[in-house]
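Here's a structure for you.
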Amino acid sequence: MAIILLISGPNLNMLGTREPEIYGSDTLLECVSDARQAAEDAGHELEDMQSNHEGALIEAIQQARGRCAAIVINPGAFTHTSFAIADALASFDGVKVELHLSNPSSREEWRRTSVVAPYVTGTVAGFGRGGYRLAIDAAVGMIGGAE
Amino acid sequence: MAIILLISGPNLNMLGTREPEIYGSDTLLECVSDARQAAEDAGHELEDMQSNHEGALIEAIQQARGRCAAIVINPGAFTHTSFAIADALASFDGVKVELHLSNPSSREEWRRTSVVAPYVTGTVAGFGRGGYRLAIDAAVGMIGGAE
Amino acid sequence: MAIILLISGPNLNMLGTREPEIYGSDTLLECVSDARQAAEDAGHELEDMQSNHEGALIEAIQQARGRCAAIVINPGAFTHTSFAIADALASFDGVKVELHLSNPSSREEWRRTSVVAPYVTGTVAGFGRGGYRLAIDAAVGMIGGAE
Amino acid sequence: MAIILLISGPNLNMLGTREPEIYGSDTLLECVSDARQAAEDAGHELEDMQSNHEGALIEAIQQARGRCAAIVINPGAFTHTSFAIADALASFDGVKVELHLSNPSSREEWRRTSVVAPYVTGTVAGFGRGGYRLAIDAAVGMIGGAE
Amino acid sequence: MAIILLISGPNLNMLGTREPEIYGSDTLLECVSDARQAAEDAGHELEDMQSNHEGALIEAIQQARGRCAAIVINPGAFTHTSFAIADALASFDGVKVELHLSNPSSREEWRRTSVVAPYVTGTVAGFGRGGYRLAIDAAVGMIGGAE
Amino acid sequence: MAIILLISGPNLNMLGTREPEIYGSDTLLECVSDARQAAEDAGHELEDMQSNHEGALIEAIQQARGRCAAIVINPGAFTHTSFAIADALASFDGVKVELHLSNPSSREEWRRTSVVAPYVTGTVAGFGRGGYRLAIDAAVGMIGGAE
Amino acid sequence: MAIILLISGPNLNMLGTREPEIYGSDTLLECVSDARQAAEDAGHELEDMQSNHEGALIEAIQQARGRCAAIVINPGAFTHTSFAIADALASFDGVKVELHLSNPSSREEWRRTSVVAPYVTGTVAGFGRGGYRLAIDAAVGMIGGAE
Amino acid sequence: MAIILLISGPNLNMLGTREPEIYGSDTLLECVSDARQAAEDAGHELEDMQSNHEGALIEAIQQARGRCAAIVINPGAFTHTSFAIADALASFDGVKVELHLSNPSSREEWRRTSVVAPYVTGTVAGFGRGGYRLAIDAAVGMIGGAE
Amino acid sequence: MAIILLISGPNLNMLGTREPEIYGSDTLLECVSDARQAAEDAGHELEDMQSNHEGALIEAIQQARGRCAAIVINPGAFTHTSFAIADALASFDGVKVELHLSNPSSREEWRRTSVVAPYVTGTVAGFGRGGYRLAIDAAVGMIGGAE
Amino acid sequence: MAIILLISGPNLNMLGTREPEIYGSDTLLECVSDARQAAEDAGHELEDMQSNHEGALIEAIQQARGRCAAIVINPGAFTHTSFAIADALASFDGVKVELHLSNPSSREEWRRTSVVAPYVTGTVAGFGRGGYRLAIDAAVGMIGGAE
Amino acid sequence: MAIILLISGPNLNMLGTREPEIYGSDTLLECVSDARQAAEDAGHELEDMQSNHEGALIEAIQQARGRCAAIVINPGAFTHTSFAIADALASFDGVKVELHLSNPSSREEWRRTSVVAPYVTGTVAGFGRGGYRLAIDAAVGMIGGAE
Amino acid sequence: MAIILLISGPNLNMLGTREPEIYGSDTLLECVSDARQAAEDAGHELEDMQSNHEGALIEAIQQARGRCAAIVINPGAFTHTSFAIADALASFDGVKVELHLSNPSSREEWRRTSVVAPYVTGTVAGFGRGGYRLAIDAAVGMIGGAE
């Protein structure tokens, strides 16, 4: 049994109330709950954290080293600028899944570039709340879980 | 019960023999088989086609209109240049999942831009053969299948 | 009496059903019929072909050499990428009219660049089905037809 | 019966004497005469004006509001820089046709970008004097004239 | 004896009072006077005009056709944007000298690009009031005057 | 008591009728009236002018030298291209306020760059008719008026 | 009576001592005091906060939802990079005023791009301490306060 | 004895008649004949194919795997856009020679970039019909043929 | 005797365990110890702090004003994006040394641009743990220490 | 009486034989002779040197310090790349005239950028052999010679 | 019998010892010897020179005028920057072959642009020592040698 | 005991007299003397050379192979353009330190890019004369000298 860490970046604590026409009306609690169920279905444990502070996200990644088998991260708007989160992910040896609720390519131009993408295992984007289960399944598949 | 169409673009017929250090040693047949299993697990039917001809891929998308509920497409290298495939996808009203075996962001610069991405529902990338099941699950989730 | 060749590129076979809010509800058959009428009004003959295959479009242009007086071409999405079609047009000595149904400049950024434009006689764009008659008239005017 | 306004921008008053190898030896008077004939053939009336002053062109467009059904405009070199003309055109609710004598794409690089193009109905370019009749026909077609 | 036309663009009427640390304290009148002397020294006649209106500058160039042997033009800030002036100059068959008081390359970035430069015979820039005599001498030299 | 000059650029004479969903339904007369009231509230006098001619705007700025304490200017579409207006403003020693009705950053890409901005004291943008009073207040504050 | 929230970003706590030749010698306390006075003059209440932490600024914006009628924000250097603040502002439904002490366009190149600007109502920049009152007045005007 | 595959891309079937001032008057048959002679001189066998269809070129490359020692390819206009051909070449383990009749660097700007170049062994360009023998010699030299 | 402040940015707390093939196996503690020794050798005192929080780094710089003679800063990945740290450094009047363990120019493209570099006295990069002593020596040399 | 140094860069020793359709049929000797005559007409002395070696040109500039009143330099193709010559010119306190035979703006794109231009007093370009006298006159005018 | 000049640029004198994994272990002497043999096989004579000095390379090209029938040049790193060598080659009327040992397109980005390429007859690149014979053969073929 | 080679590029022979407000008033002789002292303090020997000739600098680097343990190089303006020096450095297996007197990032834009930086061990920049000792110390530290 492995630990999977689910990290949510800035403004994701507002999920459900924030621009529901883009992000849907599900709350982060519901999304995390889906992810937990998916992790447990595969015999794993889910930890989760959310922060609007880049430094806190970096430290969550750092503290996962040697303790978690995988990180699923939705870096929010830090996706497009945070080389510091990219560096932290590069230092993490386990599975790394980048997750987005909406499809960044069909929105503003600046959302099309992810500076963390070169440092993750893979990406799941555009499936709303459903993406949480998919991202956990993806992580589980890469760490040898029950697929 | 819905039909999901799995489309594979140029050079994917070489899967398993082509640069296995990047794309893995699984064949396209095995990947498609996983996808079919995932579709059937959700009570759906899978159709699949592969072509190295852009025109053939366009026509496969066109012919899915009004007949298939979802398209899962790995456009191969056409991902980065084919506005014609993008146009065809834009005309398809169902669920559209862009799928990549490897993580395009950790390879050559030109692989970082997908011209079809703005026209799909979402993306699954970087999980190798495992991505096939994930992409079908993603499509199923968006068309109301049994998740 | 001269032959005018009307070439339609990828996805134009879907005209009428494809995104009618952009391309209108007229079918390609109706557009070609207008073009034929315009050609015959000027005492010329119209040939037409449509393909989603870049190679087939190239060969249609090649085979017009020494046989057709003018080509009217709507290259669809190949407008923006196909240097091969541009090369084929450059080799054709007759009149060459680039035709678009919608106004490419008022849509996505990538539609603003035509790689074939430097190799044609002129362009007609943005007039929907009406553009077919205009493009034929333009061709006729350049080959000395009855204006 | 509608009024169509034909606007000619800077240096078009020199037509016929100015670089005839590019623009032909027809004068603006002859071009306007063709346009008038085309308008009258369709049961409409043509007004025309030419100016080398951007401000005068803007005001001609402004004064067409509520009075003219269509504007055919060859903005000359202002095509490539005048957002002020673009703004004026954006405020005009009727049909707007951008017209060029030569094919801008086969000349200097800077002629390839039209800043007014996103704000017009459509474009006719590259057919020399013949383009004047075509542009009027295009406008007529869009305002419901006799085609 | 030939006529040389000296054209001064926007804000040059303010010379002497406008930012004297950049443009010097000499007035346009004094600069033109130097130019006239230089022209007369070579047995030629000088005409001059200044305008802040792009259209007026274009028309001055147009009216020089067939009447003046050379144009010396300081297009002021229109240097960097006016393709319409460039087009007018391209239509003038005589000698064309681009003149600047200050050195555009040692100031703001946008002053480094002259859109008219490809259409003139040559350039004199950076010599303040002294440049007026040099530009006339340059023009005289190219039209066969007494050097 | 000082004079404040309010300058309005191209197409602003159409205010109220031009694209009211963007610019509001207030006329320029009403906006200027607000500005005059604001100036008089601070014990100053307002002069105003509007032109669609770049040259006329340049000359209005030139003539303000030594006579007006501040210029409030909404350069309309010239904002994005007119280095000549920028040069004129650079020569004016008083307070200079750039004013926009709508927020240029939330519209087309080309509206995001102001070539005059480096040469003004400050900017007020996005507050519609209300911006006129704010811009006058801003000017008054910088020239020592009653704040 | 409404609440207006005034948010100050990184390094603004140093105001008065930090590079006074650019930012003036007034302290943030004095600027906030002016803003408070302006709010109270209009019958509203002012809240203020300053932080050098991007996360804290994001959370201040989040907590204003449903509680404050307007936000006036000087994001300091985060103006140019923080898409996370932009996302937070996009989620806030009230009036949003971007405020800068100096004129960003007349300084380093990188200060010319604001990534938050597309998501605010309007901007006030370049008027030093005086801008605080103007920004509050701008906000008040947009929320229906006593102008 | 090894097999060398000579692949010719779009429009090369028109060689001899197509723009002879650029490509010469030799036909593709003559060029291939030279190549065959060169291969046989070195004790090898030449296979050749030409297609205007990108997919057919891709499949020719795929089918050379394990069967041919070298590929000499003139991708025509696909040189500049076809990442799919580049991907196919990347999967081929033998010698790969990129061949061009004319010198792409002395023509249009877009001909200066080859997207397949990073994936070939080397390039021969600009020597017209003579380049066919040179390219075969180059391939032979790299596969250990009799040079 | 002066105080030198050594600031370490994000992920530097992981030094020694994080990608040792790039950053070496020395810990931050050892690096700081070298720096302290170098400072004391020159008769100065070293203070040090590390944070993954941009805001904390900004405040450390702010609090050094009037108290420390020099700052040695390794901003980690914030080097490439933090204009807020750049602004804080610009406000610090003492010696400022930018320090990097590895050579940023021989790694990813994005590491080649330092947004803080224009605001420091000088840079020491690429010498691993040895760079800590060098950076202190550099600072000491600029503040008049015993070299 | 002052010394003016005339420096000619790479390939200018070939003048008269090298591409006479661009550079004319006059030799460098004749051009230098004109320059000498112009210098002597003004009561000054001319020294001249030519080299194809960047280092030799740099040293000629260095050795002019404190000895020559002006440098007239035609840097040939080094104009577009040699920051080392630019640095040398920046260190020279006298008058500096950049001279070109042809008009660089009407030729290849790369000739449009001069990296030395920001470091000279002014430029004379496009007047062929006649430019040599003009450049000397320009230098003389700036050092107080007899104009 | 003609003379072919083989020119080798900077660092090629180190061939065999310099980065043999890229450039091979053959020395320049061996490469030149192959070239000489190839020239003599075709009944021609080979001259060769190598220099690390741009000026010396330029002069070697200049001195070949009217004396050599062809130049084969490997400009080394000057390939990417030396417009002066490009100018010298442009003045040489004979055959010009650009030669590279390795394939520049599969290395650093900056090696992908050759500023001399537009001015040569053709290019041979990527075939190591074997390229020397090929380049001579290419030159011989273009000057009418025994192929 | 090892040999360290100190190489100084173009215009550094002018140090002390050249723009002292940027480069200081110390001569190159004094700087080299500091470097020698530093080398000898560490038990090593210093060789030095200066040249304004790129070729001479290249050859100095070449001749250091197998003889010197480290190179400290201030390439002057060649820093920004000389790929040939970069290539020479890439071939040198010892320690390589890039040294600059001033901070290139706080000057002209073109000084911000070093083309040699990717090929050196590390960089010391901005510490004036003091940088010479630091660069030697840096080199010594990397070759195992007495730190």
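Of note:
Per-chain numbering from 1; labels A, B, C, D, E, F, G, H, I, J, K and L assigned in written order.
One rule holds for everything that comes next: a contact is a pair of C-beta atoms (placed from the backbone, for glycine too) under 8 Å apart; a residue touches a chain by one contact, two chains touch by 3 or more.
On a predicted model such as this, the values are computed, not experimentally measured, just so you know.
Shared contact partners of chain G and chain I comprise A. Looking at C-H and C-D side by side, the one with more C-beta contacts is C-D. Equivalent interface to B-H within the set C-D, G-I or E-J: G-I (over half of contact pairs identical by residue number). After Cα superposition, the angle needed to carry chain B onto chain K is 120 degrees, rounded to a multiple of 5.
Of all residue numbers used at the contact between chain E and chain J, over half are used by both chains, marking a mostly same-residue interface. Averaged Cα coordinates give chain H a centre that lies 22 Å from the centre of chain K.
Centre-to-centre separation of chain B and chain I, using mean CA positions: 47 Å.
Our note on geometry: chain E versus chain H, Cα centroid distance of 54 Å, whole angstroms.
Shown for chain K are the residues that touch two or more other chains, namely 53-56, 81, 118. Under the contact rule defined at the top, the touching pairs of chains are A-B, A-G, A-I, B-C, B-H, C-D, C-H, D-E, D-F, E-F, E-J, F-G, G-I, H-K, I-L, J-K, J-L, K-L.
Only residues 9-11, 13-14, 17-19, 51-56, 76-78, 80-81, 108, 110 of chain E touch chain F when the two sit together in their complex. Taken together, the chain J residues at the contact with chain L in this complex read 53-56, 58-59, 62, 65, 81-84, 86-88, 90-91, 115, 118. Partner chain H is touched in their complex by these residues of chain K: 103, 105-106, 112-114, 117-127, 130-131, 133-134, 137-138, 141-142, 147.
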